[in-house]
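We just call them A, B, C and D in the order they show up, numbering each chain from 1.
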Amino acid sequence: MSFHPGRKVNVGVLGATGTVGQRFIQLLDNHPFFVVKTLGASPRSAGKPYSEAAARSWKMASPVPAHVASLIVQNCQPEHFKDCEIIFSGLDSDVAGEIELAFFKAEFCVFSNAKNHRMDPIVPLVVPLVNPDHLDIIPHQRQTHGLQKGFLVTNANCSTTGLVPPLKALIDRFGPISRVVVTTMQAISGAGYPGVPSLDILGNVVPHISGEEEKMEIEASKILGSLNAGSSGFVDAEGLRVSASCNRVPVLDGHTESVFLEFKNQPAPSPEQVAEALSSFVSVPQTLKVPSAPAQAIVVTEKPDRPQPRLDIMEGGGNAVTVGRIRKCNIFDIKFTVLSHNTILGAAGSSIMNAEVAVAKGYVA
Amino acid sequence: MSFHPGRKVNVGVLGATGTVGQRFIQLLDNHPFFVVKTLGASPRSAGKPYSEAAARSWKMASPVPAHVASLIVQNCQPEHFKDCEIIFSGLDSDVAGEIELAFFKAEFCVFSNAKNHRMDPIVPLVVPLVNPDHLDIIPHQRQTHGLQKGFLVTNANCSTTGLVPPLKALIDRFGPISRVVVTTMQAISGAGYPGVPSLDILGNVVPHISGEEEKMEIEASKILGSLNAGSSGFVDAEGLRVSASCNRVPVLDGHTESVFLEFKNQPAPSPEQVAEALSSFVSVPQTLKVPSAPAQAIVVTEKPDRPQPRLDIMEGGGNAVTVGRIRKCNIFDIKFTVLSHNTILGAAGSSIMNAEVAVAKGYVA
Amino acid sequence: MSFHPGRKVNVGVLGATGTVGQRFIQLLDNHPFFVVKTLGASPRSAGKPYSEAAARSWKMASPVPAHVASLIVQNCQPEHFKDCEIIFSGLDSDVAGEIELAFFKAEFCVFSNAKNHRMDPIVPLVVPLVNPDHLDIIPHQRQTHGLQKGFLVTNANCSTTGLVPPLKALIDRFGPISRVVVTTMQAISGAGYPGVPSLDILGNVVPHISGEEEKMEIEASKILGSLNAGSSGFVDAEGLRVSASCNRVPVLDGHTESVFLEFKNQPAPSPEQVAEALSSFVSVPQTLKVPSAPAQAIVVTEKPDRPQPRLDIMEGGGNAVTVGRIRKCNIFDIKFTVLSHNTILGAAGSSIMNAEVAVAKGYVA
Amino acid sequence: MSFHPGRKVNVGVLGATGTVGQRFIQLLDNHPFFVVKTLGASPRSAGKPYSEAAARSWKMASPVPAHVASLIVQNCQPEHFKDCEIIFSGLDSDVAGEIELAFFKAEFCVFSNAKNHRMDPIVPLVVPLVNPDHLDIIPHQRQTHGLQKGFLVTNANCSTTGLVPPLKALIDRFGPISRVVVTTMQAISGAGYPGVPSLDILGNVVPHISGEEEKMEIEASKILGSLNAGSSGFVDAEGLRVSASCNRVPVLDGHTESVFLEFKNQPAPSPEQVAEALSSFVSVPQTLKVPSAPAQAIVVTEKPDRPQPRLDIMEGGGNAVTVGRIRKCNIFDIKFTVLSHNTILGAAGSSIMNAEVAVAKGYVA
C-alpha cells in the first residue's frame, strides 16, 4: 500500500509555459498528494489564462488538463502564491536564482530544476532514486536562514540524473568508483522550446551542449557524497572522477549514455554481478512507497541492442533508468549503456518525487 | 602537380550493387588513373545491365554514370574480369573471404573492404592517411603465395578508419598513446541497404552494432603498428589499448566519435599542442600527390559545436577527417570529437586511395 | 455506463509477431471483453514462446504483456485455435486470403486487416466509426456459406480509415459528396517491420506506396455505401469519386491527409458548418458504449497548425480522428487536414472495435 | 557554347547572413558573370567581417568562400554598394519592401526573393524556367520611375516556383489548364534559420505554413500570364484556378508537391503525352545558354517511387525540377509529383538565373 499524507497539498509551478513547466503540469494532473493551484511565468504571459499563454508552446502529446487551462498565469512573485505550500520551479537559470530565493525566504518549500543553487553548500542536490537522505539538511537550512517552514531543494542536470542511479547501486554493493568516462547522446527536449533549430539537428549530431559536461563532472560527486555528521553540509563522494563528452542527437525524449567505469576495489565485479546489483537496487522512494516511485528503480535489459529511447524511456512511468549492454571494459572494469527520460526523471519527475519524499519525511509541515 | 602513372588501369568492382559498390562507382567516375571495366555481383544480378540490376538499390544522390549503366553485371569469378588489373571489393563478409582469395590467387591486385582477411598476418590493413607503408609487405605476400602480380590489401572498418588518423598524428609527435576510450555515433549508411529498418532508428539511438566494438579494439593496434625489419610481418602498436562503445544514430552519412585518450609520455601535450600536431600532419598520399589525397588530412575546427556530420563530412572530398572540441580530460589527458565519412574515407575512398598509392609505389605492374 | 457482454470471449491473433499483430496484443491487454488465448504466426515462429518468437521484432513502447509472453506460438491452422471464438488477423495479404477463409469456414468470427476479402460482395468492409451497420450482412453471409456461428469481417486500409469518418459525418448532414482529392503523408509503421529501410526515408519523402491509392479510391465507396434492402449486399455511395496521391514521410505513427472536397448539394456548407457537423457526429460504437469507442469520434481542432501526428494521434486512445484547418477551397467547396492513428484506428483498433460492436449486436454467439 | 557578357559584373547581396543570402554566396562563388563585391545585413552584423557575422548561422555544407569571408558586412543602404550594379536580395519581407525600393530608385538592378513587390503591376514576377520574357517590362518600369539603369525583378515563392514549370510546359503544348489542386511537403530550409524548432518537426508533419497557400494560389496566375501588348503590364493566365494545401515535413532541402490538374481542352492528353511534353520543354535560359540554365529544365523520371528530395534535388545543379508518377486522375485529367530545390531554384538560384537572363538580354547596361 502506498503512502498518503492524509491531505492534499497546494502547489505552484514557476516557468509554467516552458518545457519543464509543461511536464510538471502533465505529471501533476490527478496527483494523489498535490493540487496545482497557481502558475507563474514571465510578465509576457502573466494575466492570461494558461490555455492562452501556452497555446503555441504546449508540446505535450496530451492536452492541457482542464482545471489548469483556466488558471490565470501570475508573475513569479511570492505574493501571488499565498495559497500554495510547495513551489515547483521550471525556471530558466537566467532568472531562477533570485526568484527561487525569494520564494524560499517567503517560507515556501521550493523544488528547483535550475542550476543556480545546486552547488550551494547547504542546498541539497537530490536525485530521488539516489540521495533523498540529503533532504535531512533541511532543518539546518531553515536554521541558517531563520525560517520555519521554507526550504530549497534542487534536482540535478538531466544527463547527471541518468548516470548516478547505477553508480549509486554499484557503490553501495562494491565500494567506491574511482573513474567514470561517459559520452551522452541527448534528446532535443532537453533544450526546451523553441530550443534546437531543426536545421541544426535533423539527420545530424551536434557534439556540444553548453555547460553540460562541467555539470556532469561536478554534480555527480555531490549527489553520490553524503551528509556530514551534523547534517549541516555535504561530503563529496570519495575519489570519484568523471569525464564527460556531451552530444545532441535527433531524438525527442531520452538521454542515452555510454558509460565506462573503474572500481577502487579490485578485483572488480563481473558483468553478471553488476547486473545483479543494479536489478536488486531499491531506492528510498520505493521504500517509502511514494506515488512516483518506480516499481523497479534500475531496469536491467539483457537484449543486445537495448536500451533505446523510443522503446524504453517510459519504464517506471519515466522515473526509472534502464541499463543494458553490461560488459567488460578492456581499459577500466565495466562498460554499459544507461537511458533515462530527460524531462521526467531528468527534470519535473525528480522534483515531484523529491517533494513526495519530503512530504513522507514530514518536511512539508 | 599531382602524380600520374602515365596510363589508365582497368578495374573491376565486386559487390557492385551494394552500398559500398555504388560508392566505388561514383568515386571512380572520371578517375584520372582508373577505368571501371567490369562489375561483379550476386548471381541474382548477373547477366543484367547495371542500370537494371541496381535500379531499386541505387541510393547515391548523383545518377549512375552513363558508361557504367550499360555494363552487364558478371558473377564474381576471376574469369569474367580478365581485362582488369585491379579489383575493388565491396562484398559482404559472408562471401568476401573466398571470392577475394580467388581473385588474389588469380593474380589480381585486390583491395577489400571486408573484415575477412584484415587480421591475416601477411595481409596489410591500410588506412591510407595512416599506414600506406604497410603496402611494402606486398613482395613478401607474393613470394609466400607464389604470385607475380597479384596482392591483397584490406582497408579498415569505417569507425576504426575515422579514429586512427588523429592517433597517428599524435603518436608521431608525442610518442605512444596508451589508452583510448571511444564512443561512436554511426550513420545508417554504414549498414548498407536495406540495412537499418526505419522503425528502429527514426528518432532513436540503437546502442549496438554487431562486432563493431571488437573491430575497433583490434584493428587500431595493427594499423598503428609497423612493418617488421624484413617487411614480412606486422608489429602491433606498443602498449595501445582501445575500449569502444558503438551506437547507431539517425544520420545519413558520417561517423562521429567522442574520444578520450592518454599518452604514455608525461607531461602530456596541451590541447593547443594537440591541435597544432593534428593540423600540421601530412599523410603519405599527400606527399605522393595521388588524386584522392585530401589537401589537409586532418582538419581541425575551432568552432565550439563542430564537427557535425551534416556540415563537415565532405572535407577533403570525404577523404579527410575533422577534429574539434579538443580539450583537457580530467581522467586521461585529452578528449576530442572526430568525424569521418563512413562510405568514402571509411570504405570505398580508402580502397581507391590505397590503390592510388600502390600504383604510385610501383606495385601495380 | 459501458456495455458488457456478461462473459469473457477467448480470441486468437494471427500474424502475431508482425506490426499489426503486436498492436492487437497491446490493445487487447486487460480488455474488458476479450482474452488472448492463442497466437498464430509463420512456421518459423511456431513452437516457440511468444516472447522468444517476437524477441527482435517487438517494437511497441510497452513490454509484451506477461500472460502473452509465455504463450506458445501456433501455426495458423484452425485446429490450434479450438478454444477461441474470435480470430483477429494481422496476416500479410500474401497469405491472408486462404488462411482467413479457412478459419471462417471453420466457424470462427474472423476480423481481418488484409485487403484480400475487402471487396467480396458479401464481406463487410467496416470502419467502426462509419458503417458498423454493414455487419448486418452476417446472417446472409452465414446462410450463403452454410455456417452457424462463423463470419468474416474486414476493416479498411489505414489511409482510407482516416478519410472516411469526416466524409460520413458530412454526408449525414449535408448530403452526398461528389468529389474528393486527397494527398496522404503516411507513417512508416504502416509498412510493418522491417518495412521501410531508413536509407529511403530518413530526411526524405517517398511519393509512392504500392497499391495504396487504388485502395483509397475503391474502398471509400463501399464503406460510405449502404446495405441493400435484403441485407444481402452493398450499394456503393452515390456519385462519390476519390482521387488520391500517397506519400511516405519520416513519421513513426499517424497518417496525415490533405483533403479537398465538393458537395453535390449547393450551396455547400461553410467551414463553420462543416466544423460543427464534424464535432457533433456520434458514431455507432459511442451509442453502443463499447469499450474502444472514443468519447468524441471526430475531434475538431481550431489551432492553425494542427493536427500533427506527434501531438494528436492518441486522441480517443488512438481510435478518434482529428480534423483541422477547415477552410474554403477555391476549386471545390472545402479543404481540411485529417489525422488518424494508422495502427490503432487504422488497423488493430478498428478490428477490435468492430468485434466489440459485433458482440454488442449479438453476432458473437 | 555558353553566353558570356564579355565582362564581370559586380554584385551585392542583401540579407547576406540569412539562409537565402548564404545560398547566394555559395552559388555566386566562381560565377562566370558575377563577382560578389559587397554584403549587406542587419545593423547587428554590420561592421564585422562576414566570417564573423555568419559564424554561427552559416549552415551550408561547403565553407564560406575565402574572398567573401573577409568582406566587411555593410548596412543595407545604397551608398555602401556604389561599386555594384546588381543587388541580390535575400531580405526578410518585414524589411525587404522599403530597402529594395531604395536600391531600385538608386539605379541598381535589384533581384528580390521577398514577397513585398511580387504583385506590383509593373514589377515582373519571374521564374526563370517559365517567364523570363516578363523582364521586357523593364523599359516601362524605368520610364515610370524615371530611371536610367535601375529595375526591380522578383522571383516567386519557393513552392510556387516548383509548380509552374510543368504547368508552363503543358500549357504551351496542350492549351490552358483550368484547375490545379496541389498539396506540398516542404523542407525545413524554406523557413530559414533558426526557423522551425526541432521539437515541432522531428518525426512530425506540420500542416500549415503561414501565407504559403495564398501565395501559391495568386502567384501562379501572374507567372503563367503574359505581358500585355505594350509591355506595360501583365495579363493573368486565362481561367487558371489553384487550390493549395501546404505542409512542413522533416526534410532538409527540397519541396515535394502532389499535383492534380485539369485541362480546358478535352480530350486531355494522356500521361505519355504529358511526359513527352515535359521532357521536351526547353526554357529561355537554355536557349540563351546562360550559365545557370539546367541541361534539362524538367527531368521526367519513370521510376515508380521518384522524385525524392534526398536523391533528386540536385538535378540541373538544383535549377531543374523533377516530375514523376505521371498518371491519370479519376477526377481531373492528370496527376503527378514534382520536386524542386527550394533554396536554389526556389530562391537564390532563380534570382541568379534571372540576372543572367537580364544580362543576356542587355538590361544590365
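One rule holds for everything that comes next: contacts are C-beta pairs under 8 Å (C-beta built on N, C-alpha and C of every residue); 3 or more make two chains touch, one makes a residue touch a chain.
On a predicted model such as this, the values are computed, not experimentally measured, just so you know.
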item: Farthest chain relative to chain A (centres taken as mean CA coordinates); value: D
item: C-D or A-D, whichever has more C-beta pairs in contact; value: C-D
item: Interchain centroid distance [CA atoms averaged], chain A/chain D, Å; value: 49
item: Chain A-chain C separation of Cα centroids, rounded to whole Å; value: 40
item: Centre-to-centre distance between chain D and chain C (centres being mean Cα positions), rounded to whole Å; value: 43
item: Shared interface positions of chain B, touching two or more other chains; value: 59, 200, 202-203, 250, 252, 310-311
item: Of all residues in chain D, those that touch chain A in their complex; value: 19, 59, 188-189, 193-203, 250, 252
item: Touching residues (chain side chain A, partner chain B) in the complex; value: 179-181, 183, 185, 200, 202-208, 217, 241-243, 245, 247, 249-252, 256, 258, 260, 304-311, 324-325, 329-332, 335, 337
item: Partner chain B, residues of chain D touching it in the complex; value: 55, 59-62, 202-203, 252, 303, 310-311, 313-314
